[in-house]
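We just call them A, B, C, D and E in the order they show up, numbering each chain from 1.
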Amino acid sequence: MFEEQEIVQVTREELLDRILSMSNEGYRLVQIGCTKMEAFQIDYTFDKDYKFLDLRLMIPIEDAQLPSITGVYGCAFTYENELHDLFGIQVEGISLNYDGNFYRIPVVAPFNIPGKEHEPEETPESKE
Amino acid sequence: MAFIEKSPWIFHFDGSSCNGCDIEVLACLTPMYDVERFGVINTGNPKHSDIFLITGSINNQNKPVVEAIYNQMGDPKVVIAIGTCATSGHFFAECYNILGGVDTTIPVDVYIPGCAVRPEAIIDSVVQAMAILGEKRKKRKTNGGALPAEAGIKT
Amino acid sequence: MNAFFWIAGYILLAPVLGGLINGCDRIITARMQSRVGPPVLQPFYDVFKLMEKDNLTVNRFHGYYLFIFLAFMLVSGAMFFGGQDLLMVIFAFIVADMFLVLGAYSTNSPYSSIGAERELLQMLAAEPMMLLSAVGFYMVTGSFHVSEIVACDKSLILYLPGVFAGFCYVLTIKLRKSPFDLSTSHHAHQELVKGITTEFAGPSLALIEIEHWYETILLLGMIYLFFAFNPIVAVLVTLFIYFLEILIDNANARVKWELMLKSAWLATIILGGGNLLVLYFILHG
Amino acid sequence: MSWIIFLILFPLAPAVLLLLFRSVSVQKWIVLVASALICVAAIGLAVTCTGAQPKYFSITSSVVNKLVIAGDIILALAFLFVCRRLSLKWYWIPLLVIVQYGAVVFYDLSGRVPAVTQPLFVDNLSVIMALIIGIVGCLITVYTVGYMKHYHEEHPDVPDRRGSFLAAIFLFFFAMYGIIFSNSITWIYFFWEITTLCSFIMISYPRTEEAWHNAFRALWMLLLGGLAFSMAILYASDSCGTVDFRHLLQMNKSAVLLPILLICFAGMNKAAQFPFAKWLLGAMVAPTPSSALLHSSTMVKAGVYICLRCSPILENTASGAVVALIGGLSFLAGSAIAISQRDGKKVLAYSTIGNLGLIILCAGVGSHWALWAAVLLIIFHALAKALMFLAVGTVEQQTGSRDIEDMHGLISRMPLLTITMLVGIAGMFLAPFGMLISKWAVLEAMAIRSPIYPPIVIFGGSLMLFFWAKWMGKLIAVVGPAPQRERGIGIEWTALFGLAVLTVLTCALYPFVGYYLIQPLYGQDPILSQGSICMVGIMLGLMVLLPLGFFIHWKNLVHVEPYLSGANVSDPHQFMGSLGNARQWSFRNYYMGKFFSEEKLFRGSLVGSIALMVLMFVMEKL
Amino acid sequence: MQNRTVIPFGPQHPVLPEPIHFDLVLEDETVVEAIPSIGFIHRGLELLCRKKPYQDMVYIAERICGICSFIHGLGYSQGVEKIMEIPIPERALYLRVFWSELSRIHSHLLWLGLTADAAGFESLFNHCWRVREYILDVIEETAGGRVIFGVCKVGGVRRDVDNDTLKRILARLEEIEADYNTIADVFKKDYTMRHRFSGVGVLSKEDAYKLGAVGPTARGSDVAQDLRKLGYAVYDELDFEPVTESDGDCYARCLVRIREVNESFQLIRQAVEKIPGGAVDLKVKGFPEGEFFSRLEQPRGEVVYYVKGNGTKFLDRFRVRTPTFANIPALVQMLGGCDLADVPVIILSIDPCISCMER
């Protein structure tokens, strides 16, 4: 029994408009997540009456910038600060900006350390 | 007779534990285990406490907190590292934000491994800590009230 | 000479008695929570342990306030058991409490300062009823002197039931029991950490504990006055009231300051003031 | 007799001299010498004139009476002169002046006012008042010299007329001594109105818009009291056939209740009781010494003094009970409102209203015990309140603020000044200092009278404790190394230390005060039993001796930083904030504006007190 | 100028079992502003997916949080199972529901205790935890652990519980529920508890939805949102309705949890009655390739796992969005204007699980 999950690709330019229309349609922001591939894959996940919708945005690693959506979804400030601290993505105009102190970690953008994800450390128990 | 062995006041801080050990520490205070039988009071204030129960490993952000709290405890004092995370960091030791077990930051007197630690083990560790407290008090007396060398981590 | 023995007895025995009562309190509390609880001598262990600990201070001044605090507590209790003017006893008691508050302020620490402020609120709530009780005693016995109130053969409780009820109400505040343990609490887990005592550690904290025992005995002594016509009944009722306090402690959450202040003042005005008004008309036609 | 005449007339000399000599150093010497002389004279009077019986002095020459009438006329003209600036909106102020003076002068000139054969007198209450005015008043005057120097340095926009300010103070002494030594109510009326004029001069001193406004408000409110007083004179002359205060007080209660109530009305008006409290609050715009003078030792004390004089008539009358209730209401309201104030001077103002209310309460009850307590209250309040005003004034000059929150940790910055302030605060509310002894005496006195008064005293006292204690707490917080020290406090120290020492001394010596001064007035000391005195002695000893402990150096103290939930950083005044940078922590006292709202309480008290005032006069018929 | 009181609340504070920090700005006792600070428990375990093979990640997922450890394991396993399209045996699914609900009861009881303690009701705390110990006994008997169950795995569950034991446990649960109901009555009726809870920390329905609140926090504000309605495991075959209250204050949130415990007892009963026979485990072969947002209902609310596999034994991305993280904005909103004494109660009313939140 698994739900259907709809994923919609958007571009950085149309992001804010889409977010606004999501808000107008009464969607609830579930989460903002990021996955580092060849580019950063940013997922804005929404839900309305158990209906799942994901806006997916790809931004290049070299130009890791995003507009903030806190103007529409005020609660997004936690996610956006997280994106900044863990991935090093610059989010412009967060309502409550921790400026890198959301997680006070010794490593800058640990999820964005190059090369690591392709050569995972071989641990003894992983050899099956 | 050392009264400190009869009245160990504890105080708990969650380093970066998963909660498993924390709730077991709290469970020790409740009817099933009732550590107050040994005179234990959970004070919640480092200045009033003799035993510092710390769960979870040390990360960059809570290191100054742990140091500050430890420095605010009056001697004689004992630190108990509760759970595998607190003793060695567990598998989180591989994480980027984990510095390791509690002994990377403050001196630890009692280690109890386990994931999660069982309340019985925590009670046992407190009982052991009581004996250590007694010894520390004796040492303090012979040192003429001087502080033991390990006290007062300076940051 | 008799008064002298009472004073000496208070100064020497009150901590012992107070500590024992506190020990029993902890056991009864534990039983009410389905726990076993500590040994009955546990409060003494605690205090002796605290004596052995480091004397931690934020600055070197605040310790003195505690000494003055204890000194005034002793004076207050000694005056009470020496049979002196009850109003003076209560004033000295207030002064004692004031110095605890001042000590907390002087540490210049946010939590103890807020604790001090709340302690003042508690005093604001409790003090009128205590003084009103003294006035009640006076109206019945014609004297403010404890010795004469005790010697009075009228059963005070029959004249002052409302005052007694009001006094019991604020007793909870004075004993720092739930629901009125706002400024500090014997238990942990209070929003102000330890409130007023946050910054006092080691021997200083031991001093506060000992003072608390003296305070308990003094307050119980005031309850005794209501039943002084029959010492046996008086002692029994006093103990029963203390038990009731433990029960209330265990059956209530901590309330917020507004409710405390309002309810304590209402109790003072309605129970205490009402009682006195009725009494006045009965006594003076 | 000679002491009295000296005390009344002498202050006029420095007043005139101060107006003549403009040089600051000359003025300083005039003030110092004159103050010292007045002080000595007051003490001399105390030494020679205390006794069980009041002494009355006859003045045969009718010239003096003429002089008083002439003075009345001059005063009336002076009042009208100051009103020249007023717009028509305030038409009733000149009207008040014209009506009351017109009536009195007309009565006087038409010979309807009976002559008083012994217009001067002295008894122990006068002596106590004389001592307060002489000692406290003169210390304040000495302080003024130093204060005004700083004041004009800080307020270059205020024209420097310190000579006239100091002259007004001496004129004030003249009026005060006149009030306390006069036995004729026409004389008292004359002096009474001089104090009104002086207060107007002092309040308007800064010459700002606000100062003028407040000064005129004070003027019309105080003139209301004058009106009541003049009516009392008319009624007494017509119906009672005498304006001799002594004779009035000895007459049948029902016959003289109305004039006495009118005089009490004037007294409460001067003592800034509700509903007249507003003038006292407005008077805070004036330089601090004038606040100290008006609100601690002189002006308002004249009000309670006259009420105390009237209390034998008030005792056991319904109107007297209402007078007591008005005092009680002021006590409660003043104390409650003070909780919500954070301006040091405003707290002092409201607490003054409260304390005076307590004295009026005693006067209204009028039993010997209550009067005992009232006299004690007058003494202790004068000392401690004057000390507080002066200390706050100096703090304001030193730090630029009289906000209580800004006094956080003052003990680290200005230890000496803070200690004098602490003495003042302790004197206001802490056992066994004066005010608390008095409160205890009041309680003992009230307990037997009625079940209504004790709760008023108790609740008011508790409220008072709250705001004083939190202020004290602010002062004594130890904030660490002192960045700022007292500097440039010169001659003010004389007054501050003098008052601090007096506050403690009076407390230690109050049994003697009771024995020599009050006991002859109101009979055997009923309350202050041997045992209580002993206990007070022990407590005072503790209080004085224990602070010596501060100088002992304790071993084995382990220094730690304050508990900040583990968010400590290296500076103990900061913590690691949420946004990742060190943030200053701070602590502000509770003001509970919602609970003890100034606006609501003030309005409520106004309505209540006006109703009581009306009731007071209605009750007169009963 | 000290116009306001500014104090640090946390990271170490006796009412907070876990470190979280607030800069509290107060006026008298009223909170004017509260700025949260997290990260004291941040370990960075999401990155461990690059070091541990996907089967072992269950072990790590369970240790995201020690209170709802089972559901963390379950969420992760479901995500991987969906990607790999593994048909899980029915009995395993029923057992998963059984343990999920036990976990919910134990978590709610724990919360009830802590919240009573935060309100200064010491003995109620003790009694809640006394009952909780009975539940832990049941968990220990069936799963083997007290707080970390360690029974969930990709492909089913590690242990079977025989039907006799299940029946016996059902009878035991009856007794526990009766005991529990007397305690719940205290929460519902005690004057001081109502004084502390009702009208405190009000969150309107609109705000709750807009701020993305989840779980009992949202349901206390009348947002009927319970991810179990998605029908994962076998919830679609069980009969239940999301518990909601309309007041949106701490009291409502407390009532939601109290009623949910009863509902969980009910669900356990249904699950045990319907449980089919058969295996509980499936041998899993191959590596996940694909992605899935696995959504479940934790005791604290909706949890989202994003699992992305690339066909090797290491996952590309393992992301957890826990309910506490989603509730923080709502919490900040609720803290404005409350009393200092309410701060602990309000913080606890979202049932914060900091170690979940910060991973």
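The rule we apply is simple: a residue touches a chain if its C-beta (ideal position, glycine included) is under 8 Å from a C-beta of that chain, and two chains touch if they have at least 3 such contacts.
Treat the numbers as computed from the prediction; the structure is a model and nothing was measured.
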item: Touch-network distance, chain D to chain E, counted in steps; value: 1
item: Co-neighbours of chain D and chain B - touch as defined; value: A, C, E
item: Chain of greatest Cα-centre distance to chain D; value: A
item: Most distant chain from chain C, judged by the mean position of its C-alpha atoms; value: A
item: Leading chain pair when contacts are tallied as C-beta pairs; value: C-D
item: Per-chain Cα centre nearest the global Cα centre, belonging to chain; value: C
item: Approximate Å spacing (C-alpha centroids) for the pair chain C, chain D; value: 36
item: Approximate Å spacing (C-alpha centroids) for the pair chain A, chain C; value: 58
item: For chain A paired with chain D, centre-to-centre distance based on mean C-alpha positions, whole Å; value: 70
item: Junction residues of chain B, two or more chains touched; value: 13, 30-31, 42-47, 59, 61, 65, 69, 72, 74-75, 96-97, 147
item: Shared interface positions of chain A, touching two or more other chains; value: 98, 101, 103-105, 110
item: Shared-contact residues (touching 2 or more other chains) in chain C; value: 33-35, 54-56, 110-111, 114, 188-189, 193, 198-199
item: All chain pairs that touch each other; value: A-B, A-D, A-E, B-C, B-D, B-E, C-D, C-E, D-E
item: Complex contacts: residues of chain B adjacent to chain D; value: 13, 45-47, 64-66, 68-69, 71-72, 74-75, 145, 147, 155
item: Sites on chain D touched by chain A in the complex; value: 578-581
item: Chain C partner contacts - residues on chain B that touch it in the complex; value: 2-4, 6-7, 9, 30-31, 34, 36-39, 41-45, 47-48, 50, 72, 74-76, 137, 147
item: Contacting residues of chain C [partner chain B, same complex]; value: 26, 30, 33-39, 42, 45-46, 48-49, 51-56, 188-189, 193-194, 197-202, 205
item: Residues of chain B that touch chain A when the two form their complex; value: 59-61, 96-97
